[in-house]
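Structures given as structure tokens follow.
Note that subunit A is present in both complexes that follow, paired respectively with subunit B and with subunit C.
Now for the complex of A and B:
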């Protein structure tokens, strides 16, 4: 365990930024935190979490996959990739770190998504323990401990100090770069903080939300439940939940005619949208109920079925805070799960 | 604090269900917390008594739901409308978007709705309960004593600049009728007009570049009721699920603002639902201000069947060139 004073954290940022591009949550104009490239003057936000999750770093909302140029009968295929720089994401919460594992299982299983893989290879994650979880937090439901965040380096922030522990080779390498700015220390202060956090976890309003009723093999238990009608009745069909979600990973691939050639790009897609997975025969989900059901069945049943029981939700609470009609996975789990225990 | 109580609304709804006037009730359902309410169709008295809520967080405008809900309902739908919601109600009727015969509208007074983000800015995160009494009493995980806040200090922007406490449509009114208010809602627009073009461009660039293209503004907007939005239609050539760059977002929002110009009642749902807190209502207000200036005062939804100036030709209409000539004092 190493530590530095909170007052000197900016010099740590400056040192990290010498070797790699550093991103960290910074308060935006509207008061909410945004991952921002660090430069002198940028201040690490005290906010619990960012509105947009850090999945953007590995799976950006839009990215060009390739370009085509035609000359006569020849088509030239151009590789438009430019991911070659190392970067550090600082201040990632435990829930969001867990989301990378969920994305990895999709993008890094065969056939490996080389665009995602390149970004993962170049990225170093410095997580930070939560000290003040929100009422919308329910990471505990998915076995995540906000006091013990994973990542290449785990950090703990107290009123006066920041503590660091390297967990991986990448983490050891990064920590060695800031060795001169940090000092060796005992685990005492961090242990005390962990205890405080675990006491708060016991008081969280959503602490009893459980996944017991869900998991692989439950498709037919819930697929035709009448509860979906009720739960989805006022869904607007917007993409807020999917776009603020750290684990939603669906995308669309499209071609853009530049006039001189074609750029093939991919962009986030949302199962809430009417055009989602539209095929030659039309759409396979015609009502908002079906789209709504798809999102939650994917997170609570289909994904765990294909991924050793791992749920595709980390309890970050973003959808709870942002849904225009306040309908969310917690309400779904309580309603559908509660009726089928 | 609201002047009408939850119990009064439930009583009204239960009696209208009992005498067969309506078959269901469009109301707010309580959520996990005291501030997260969901629009829901209540079918009976038991459901209402268990889950209906009316407090300082019932901001959602129900008018647009009538487009789909009234159609499907077997009898009439009872809808509770706050004054600002009644303007959207009329505008949708003007556009023939729902069947008036299928709706029983009860106007209810509104003292303004609270923005929970503003509450959190004062009390901090971790809200365990909010008691909406005379004042808001907020208990958090981290404070020993509840924080007491005057609701007036944490009102949503649209409620600070409330344009009307008067209901322009209803079958029945509960509580006291209010007046149209001379609000300061165009002050922010005037500030934008006073900027240089570069400053204004930078302002909107900063705001709209945060857009994640979730379409919540469009999907919540009572003026956006196209059955197929051009931006959802692959054949339109402009369909897009994601912003390719920050210019594209300006295009989306400006086109949307033009499309609802003259029909937007300034209900403020677009800004309420924006997950990125983009002040989208300012685009619409600019159009409303310009329409007022160039064509005379016009409030969309004030009455059913009114012709919006932009779709109504009169020989007195100003020439497009005049708008250009007056750009400096009304850019």
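Now for the complex of A and C:
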């Protein structure tokens, strides 16, 4: 375990930024935190978490895949990929760190998505423990401990100090770069903070939300539950939940004609949209109820079935905070899970 | 292919366009150096695209035993297909694949009597299997082919069916059209009813493809004849973008049609939510 004083954290950032682009949560104008490229003068946010998840770093909202030049009947495919640069994401919460594992299982399984893999290889994750988990937090439901975040380096922030522990080779390498700015220390202060966090966890309103009812073998029971009608009734199909979700990874591939050529790009998409499954010969999910059900069935039943029981939700609470009709996965879990216990 | 850059296609060239029906054309495609783009198994698919128009998944209708080129029978019904229907010989397109699981032609089907049942453009994916099985004729038992379309003009591969399939030993072709017309002396009626009328023996493995409603009723018909769902295979079509089980579009239950399908045994479908 190593530490530095909170006052000197900017010099740590400056040192890290010498070798790699550093991103960290910085307060925006409205007070909400946004991952921002660090430069002198940028201040590490005290907010619990960022409005948008850090999935953008590995799976950007839009990215170009390739370009085409066409002349008459001929087509030329142009490789538009540029070399990925090394970068560090600092201050990732435990829930969001877990979301990378969930995305990895999709993008790094065969055949590997090389666009994602390149970014993943070049990124170093410095996580930070949550000193004040909030009322929309339910990471504990998925076995995530906000006091013990994973990542290449785990960090703990107290009122006066920041503590670091390297977990991986990448983390050891980064920590060695800031060795002169940190000092060796005991675990005492971190242990004390962990205890405080665990005391808060026991008081959170969503602490009793459980995944116990969900698991293999009952897919059709969940799917056919009459509760979906009521749950989905007010859904606007806006897709906000999927866009703020750190684990939603559905995407679209589209072409854009620039006037000089065609760029084929990938962008986030949402199973909540009616276009998502619409084909020339019809749409296999015609109603919002079906689309709503797909999103939650995927997170709670289908994804776990394909991934050794791992749920595709990390309890970050973003969808709870952002849904315009206050519908969310917690209500779904309580209702659907309650019926199928 | 299955190279690491799975979303990046190769350039292909349309070397022949055959007008099959008023709304179906068959396109022959090779690479720019005149070779077959990649090897595939019967029932697998490929992503074709026209830059600026879009990319879409199509079943490969030619048999893997054709080592020179690939063929795609494509019905005009959306943006990409409309554009393809205007394309001329020499037009370049992009191609990537193969995607999905094939029909089990080299294990389960070996030694079996095969009953192919298709409706409309649903013959396209089955033609690959039929011609593969005709090529390795001695590996399989009797072959029955039931094929129906709206009218005589809407029968895909009509010339090949009459000149080649129907003349093969041990291959029985049963054609039907929806409504009677003057130059048709064959059967008239829908495929599901025709299958029941023909009353096949259950010592066959059935391979079924067509519009969802036709699949539904034909499957019911086969079951009423005594077939078990484990004897019936079909191939599904859902919207797809990536082809490798990542973009999420063709997800049904815990399956991705592009990667876990498109070929399914009908008892496997029973375990999936009815969203296909």
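Here is the rule we use: the second predicted complex is superposed on the first by the 337 of 341 C-alpha atoms of A that agree within 3 Å, B and C clash if a C-alpha of one lies under 4 Å from a C-alpha of the other, contacts with A are read in each partner's own complex, and residues count from 1 in each chain.
FYI, a contact is a pair of C-beta atoms (placed from the backbone, for glycine too) under 8 Å apart; a residue touches a chain by one contact, two chains touch by 3 or more.
Values in this document were obtained by computation on a predicted structure and should not be read as measured data.
Once the complexes are laid over each other on subunit A, subunit B and subunit C both fit without any clash. In the superposition on chain A, A:74 makes contact with subunit C only, while subunit B stays out of contact range. Once the two complexes are laid over each other on the shared chain, residue contacts for A:284 go to subunit C alone; subunit B is not touched.
Within the superposed three-chain model, A:107 lies in touch with subunit C and out of touch with subunit B [touch as defined at top].
In the superposed model, A:5 makes contact with neither subunit B nor subunit C.
Shared-chain residue A:66: touches subunit C; no touch with subunit B. Between subunit B and subunit C, an angle of 90 degrees opens at the CA centre of subunit A in the superposed model, to the nearest 10.
Judged by the touch definition given at the top, the superposed model places A:21 against neither subunit B nor subunit C. In the superposed model, A:133 lies in contact with subunit B only, and not with subunit C. Contacts of A:252 after superposition on the shared chain: both subunit B and subunit C are touched. By the touch criterion defined above, A:168 lies against neither subunit B nor subunit C after alignment on the C-alpha atoms of chain A. When the two structures are aligned on their common chain, the gap between the nearest CA atoms of subunit B and subunit C comes to 8 Å. Subunit A residues 252, 269, 278 lie at the interface with subunit B in one structure and with subunit C in the other. The part of subunit A that touches subunit C in the complex is made up of residues 65-66, 68, 70, 73-77, 79, 106-107, 111-115, 219-220, 223, 249-255, 257, 262, 264, 266, 269, 271, 276-282, 284-285, 290, 294, 297-298, 301-302, 305-306. The touching residues of subunit C, when paired with subunit A in their complex, are 2, 4-11, 49, 51-55, 77-78, 81, 88, 90-94, 211-212, 237-239, 241-242, 244, 246-249, 251-254, 271, 273, 275-276. On the subunit B side of its complex with subunit A, the touching residues are 31-33, 36-41, 60, 65, 117, 121, 124-128, 141-142, 206, 210, 212-216, 218-220, 228, 232, 234, 239-244, 272-273, 275-277.
Touching subunit B in their complex are the following residues of subunit A: 28-32, 34, 48, 51-52, 61-62, 132-136, 200, 203-206, 230, 233-234, 236-240, 242-244, 252, 256, 265, 267-270, 273-275, 278, 320, 322, 324-327, 330-331.
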